[in-house]
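For reference, the structure I am asking about is given below.
Each chain carries a letter (A, B, C and D) given by its place in the written order, and its residues are counted from 1.
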């Protein structure tokens, strides 16, 4: 079921793939390193060979009647396609996917005929209607869906498709190809991935210093929120008073899909330094009596191709169960989350106000103090100065400025998280994620991430989204259905200060 | 997300499920033994409560626009449905499934409207067509599909659905409910199961005497072809010169889905006794030089609910690879297969001929000999006698009869396997299975299964379907597409004898 | 380091072992099945070949000076010896061991010389004394100790030595060979085994229905106290409300060395039926709130050759820790133990009293009642009748007799356990075991083992040895050093009744 | 069996350890972090408390008669001793060990009496002699041996003893305490460790990138021969075309005891750079056809305390088997070994010749060339220059010098390895190790380790000790018994050049 001999007839200038498929050679072919075969194409070649290959590997859909009687899928087609795809340059991949989605999609004529037939049968009995609907449903299957299905069945096929979807998403977002067919292909692949990565098939793994080096290296590489600096750092994050969990999937062994880092503490942490910078406890034994709180301080998805296949929320729920089982008396669950986008949102505001000559973001008193420190006048000059200080992060070097700006930045940030919306939901993606899960916007923390990255992203502010387990379901529903954000008095107090002092 | 308190208000005579769902109680509820709750229903109760429950747990489909923005599934619905379903009697289950499939299926009106809209857009640009098609596809989703999806996500949900499908298949085959909706539900569930049980998610396990007792007990119970008599018997079947492989699935741990037993021999076995009855080698070491051939002597599917989700053929392929890797010089692969149905097919023929007064199945000479032994006349009397002997198996006690009948039974059996068809494919399901996989009908074996069961099923005859690895792909295609059966001279010789001597 | 070619020169009538040892052939030789080589010996053969082989494989001890500079041990010697030993009949083994222990033991002359030298140096400095002592110690090493050490290093060598010691113990106890040399060999081997099976090297394993079939089969076979009847029975004993633990050893994989069965209950069980006969809970979930007590109802050593190497007491301690960790609120730990030997002790007493014409075991009143039921006179006739009833177990069939005998048998049994001694320690081995561990003799239970075996062994009585964790250390010391048995009032009450009513 | 309460009565100025031992508290005490208890001692304290503690924990040996009837060991003594020992400063440890070995050793008087008795019984029967010998043997047991045995039984006790022996060895080698008692203690402990680390109890593990991070970190730290620079480096050494094996022991989980690194090559490597510096193959697949040779390029013992307990040679043998099983056609096995000590031996020679005014190490011609390059005269001036060049490694920077010195250094090095002896065996410890194992001194390699370390140690020369599997046994015996070194013509040729040209 696999090409036994792959021969590039170079003389003819046309690539020619000869293969004899046999059950018995499957094993040997798996060992072939296809990457080394990398075929060079002549000028006319790639497009032509794309057509040839697609025509061969994307077999026609069986008729509705014979759909259950079709021969078992041949692995060779899938392997050939995977090999071919991997051998292409980025540009060519884009072409291939465009071709695949356009030429091997739904048979529109067939669909249209069945749609007509369905309308004709509306007066008929339900059994007939059901049957025509089923035919219609079948006819709406894109031809390429079968290929995707077959690929998922060969070794490392699922990983191939996850990566292929990452390519698709890049093509779509880069507007490289704005074709609706590409979007259709993306939709089809996403729904397949959703099936394969449904929760029943995921495995929760706790990562420790005893875990395979390979996994820990990947965990380190994937960590997007608070970058891992070295092996002592990662050892710390899987050591005492820490937990690191990941979902893995049977079809992608050794590949963590989404990773959650937890700190076990006595109180809900108000800064990240104490979690990722402090090494005092590296070799200590955990004292279970000191563990009262779980702080989720980092959650990272590792597979671009699984965008939209929600794993993170389920991981948090599973981890909560896990922790409750390990620490029956654990009573507080909260995130300590970054606020990506706050600084650039603020810069945007400042620029806009600059243009419009408005200075309402700070109170008059605050502007005066800023002007005082920056040796400017409390108008757009001060605003310019402030813009610059914030964009460079230099304001953090002046104790006075820090003191002056704290109330303003805190209330602005509260507004950014609570008040800025997109289609009615929180604009900030991290906020949106935790609010969807039913968390409460609990506390904004000043001086919470003093790393250059933290200052650049969110003026050093971080936020806790707290999970009151009795309320997550109702909170989630209120947010999802009615777009209501549950927040504490601290947050609401900042909002009301914002509304009083900073007018947008 | 799980009922915290499940209270049966017995006074009111109406079951009442109160629950407060919280993330935090998930763990505890999983430990509940729902089986003990088994609620008794009053006369009016079940139907009413069915409606109530279905209405609550089968939430409406989100609109097309909000389909990606729907709140995460609540586990409590799924768990409640599973619990409720399990608490029902068989009859009630059937009612519930009928109701579910009928009232919570596709929104026919919506489909019809979109079908109309699609016809209207046929002149429009492709982008519009694609979008309407996508909406149409979405509208063809039965509402209950969402429930099935959610159930698959909770613990042991997949196993629940597999068992639910077994119920559905029983309902359909028993004609208890011939509703097209039930068939639709079955189709939807089957396609979901096909996704979840796609090959990339299956794990091949070799079963040995070191495997968990639980697994070996199940393997023993599931063995359908050559029943396991005791623990020494099963020890033998996983011991030296034997291999036992199973597919398992991450979502159903500890549950072998399909099991393949292999004997490692020097020649292709021509009888089952030497494989399952001989214990000489129980404690011996395998001599790799004596292993030249793999005989697949039993393959059993264990999950009725996975009917139509083909796992067996893939298992054989994977096992072939496994064996080639362990025994690089292994050169012969063959089944030793039972022929279920041959005896009853033969009895059917004899009855029919009896009625029609025909005696062509045996030659005149053969009839004479039969008459001689049975003290009858070589006409329908002998036929009657023969029918009785075969139905009781008594013919095996007479050496003369065995001798007389061998050629006749062999050629009839060959015909049964090779010539009897259903929709053009082999009527015998085992034959059909191996021919689909690309095997060759290689040899019929007399005296191959002398157990009472073997005699009753197929007059003790068994057949080898041999896998020539170089030819399986072409054989499979020839069979699937052109209904051509590849067979050896022995088989074809028997067929030609049949055609000369026995006229149907 | 292994015989490459083993050739039996048959012509000469004398076995001849040729071998060429090479590092590289180790692997291949391990696959050889030595059992099939079994060489037949001629009349003069075995003794002669024994000498030959022993001379070759039991190499001389290096001198004291070169003892650290001796070449690395050659595996071939060990393997050859193991093979040869296994090929012998029982009688021949005994001869071989006698020869080995006699001819390859300590060099008495060398020892005696060093002893003389030691006496001479008594006036000298300590350094000299220490050195002579060390030489003396070395000279007391039997030459065969080296062979034993080498054998322990080859694969399955430790198991070989454990079995060889079982042979030694049998030889000693059967008086087949009363040689002091055999006892010396036994002592040497025992002290080596004690080192290898020291607790730091043992691994505690919990056995469940998920454990390998091989292990569960062995556990069933080894169960000596309450025989396992079938696979449902063993499934029960590793199922809910039960625990089964075993020590295993790295050098004997898959071989449980000592097995402890525990029932998890609400109260200290007073009979074994409810533990091994009741299957109600087979599929139930454990309710942790119902578990308050651990009842050790069976402990079996599996290796005869490890006699005297105490593992059982350590296993109990480890299991107590394990259980405390799993059930932090567990408050009661107790055995439910058989009383092997009570019936035969009682029969012995009755016989003796019969001879001596004494009837003090029962009170006059009791004798009268016995006489009444048995239609005898309350003298030696009744005694005869009682002896017979007890030896047949028939007394259990008469409710009246059971009623009459209960107080007598209970107080006699209490005395048997508490008062009968051997060198000052409890005569009953099970009592001695638990008392050494620091348990308290807590309660005698009537009707506690109603199986024929239980009636035959101990008139159906069983006893709880309870472990009060705060007191085990002091109890153990009191028993070991001062031979004091800690017992409860129930037991002491029975003892005082015994002393009042039954006079020995 | 563990101190329940450890109280330091500070007022009295004397440490006072109160404890109540109970079975039930074992678990809790293990969780105590004894390190934090670190008791400060008053001036008179340590010595006094040492006595107190030793007297309590080193219980007297039972008499010969009761040696099998002694109560089970109490863990509390061992744990207390371990804790106390760990709390001591280096100096105090030395004192404690001196005291332990001196005051709690053998009962010399008892030994002497038994020696006398033995002499008296020489005329008596063998049984009596054997018994007195056994008593004598028992009396030669140092009292502290029991403590060591007990410590080995508690958790991490074996590791404690291994580390304690490392302390002992340091004390002995530093002459801190030249007491014969310390040497006795060391000997006793070594023989116990030899038992516990006998090969049957060791487990061979292959280390890969999938192994626990903890293990790989340790492997990196322990690598003594060619230091691991970073994680990419270690990934390389466990990746394709490499093997890394370690022995582990059940009583010291997660602790590799001896580590062997192997390169899989086509030819016997003649330099280390190509093995540890080349990363080309990091992600490639192994091509089994390119693997013909196993080069052992590093073997490291990790536990100082296991000195003299030979594990390395057994590891090599086991790895050879492992490799033969994985690569049946592997035909060459060889080390690529460093030559520690060659440079300093050479420097020593040069210094000595300088003093004695001799210049025979190089030929006249060679001296002239050296003088020429170094602008000196071909006498002791040139010798001085050469000494300096070699001690700084600067000679490697002059191509001419390298060219001139190659033949001289090669023949000198050959002599160093082959001709320099200690008690008749090779002076170089690596040579001695491989020659003991039966390897052949196969090839000296110029430019084989160009790292600064390699140049400093052995002028960049390395040597292959090759294992001809058919000959290792005879080679080993020839070396061990007759001190014969097997070497190839290349080596012998260099020796004869040496003998001709350089006269020592």
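Rule of thumb we're sticking to: a residue touches a chain if its C-beta (ideal position, glycine included) is under 8 Å from a C-beta of that chain, and two chains touch if they have at least 3 such contacts.
Worth saying up front: this structure is predicted, and the values here are computed from it rather than measured.
Novice: Supply the minimal count of touching-chain steps required to go from chain B to chain D.
Specialist: Between chain B and chain D, the shortest chain-hopping route counts 2.
Novice: Please indicate which chain is farthest from chain C, where distance is taken between mean Cα coordinates of the chains.
Specialist: A
Novice: Hey, how far is the Cα centre of chain C from the one of chain D, in Å?
Specialist: Here chain C and chain D have centroids separated by 39 Å.
Novice: Could you tell me the distance, in whole angstrom, between the mean C-alpha positions of chain B and chain C?
Specialist: Taking the mean C-alpha position of each chain, the two centres sit 51 Å apart.
Novice: Averaging over Cα atoms per chain, report the distance between chain A and chain C in Å.
Specialist: Centre separation, chain A to chain C: 62 Å.
Novice: Touching two or more other chains, which residues of chain C qualify?
Specialist: In chain C, no residue touches at least two other chains, as defined above.
Novice: What part of chain A is in contact with chain D in the complex they form?
Specialist: Its residues touching chain D are 31, 33, 209-214, 216-217, 231, 235, 254, 284-285.
Novice: Mind pulling up the chain D residues that touch chain C in the complex?
Specialist: Contact set of chain D toward chain C: 1, 21-27, 68-72, 74, 106, 108, 111-112, 115-116, 118-119, 122, 126-127, 129-131, 133-134, 136-137, 140, 149, 152-155, 157-158, 180-181, 183-184, 187, 192, 195-196, 198-201, 203, 250-251, 308, 310, 313-314, 317, 320-321, 324-325, 436-438, 467, 469-473, 476-477, 480-481.
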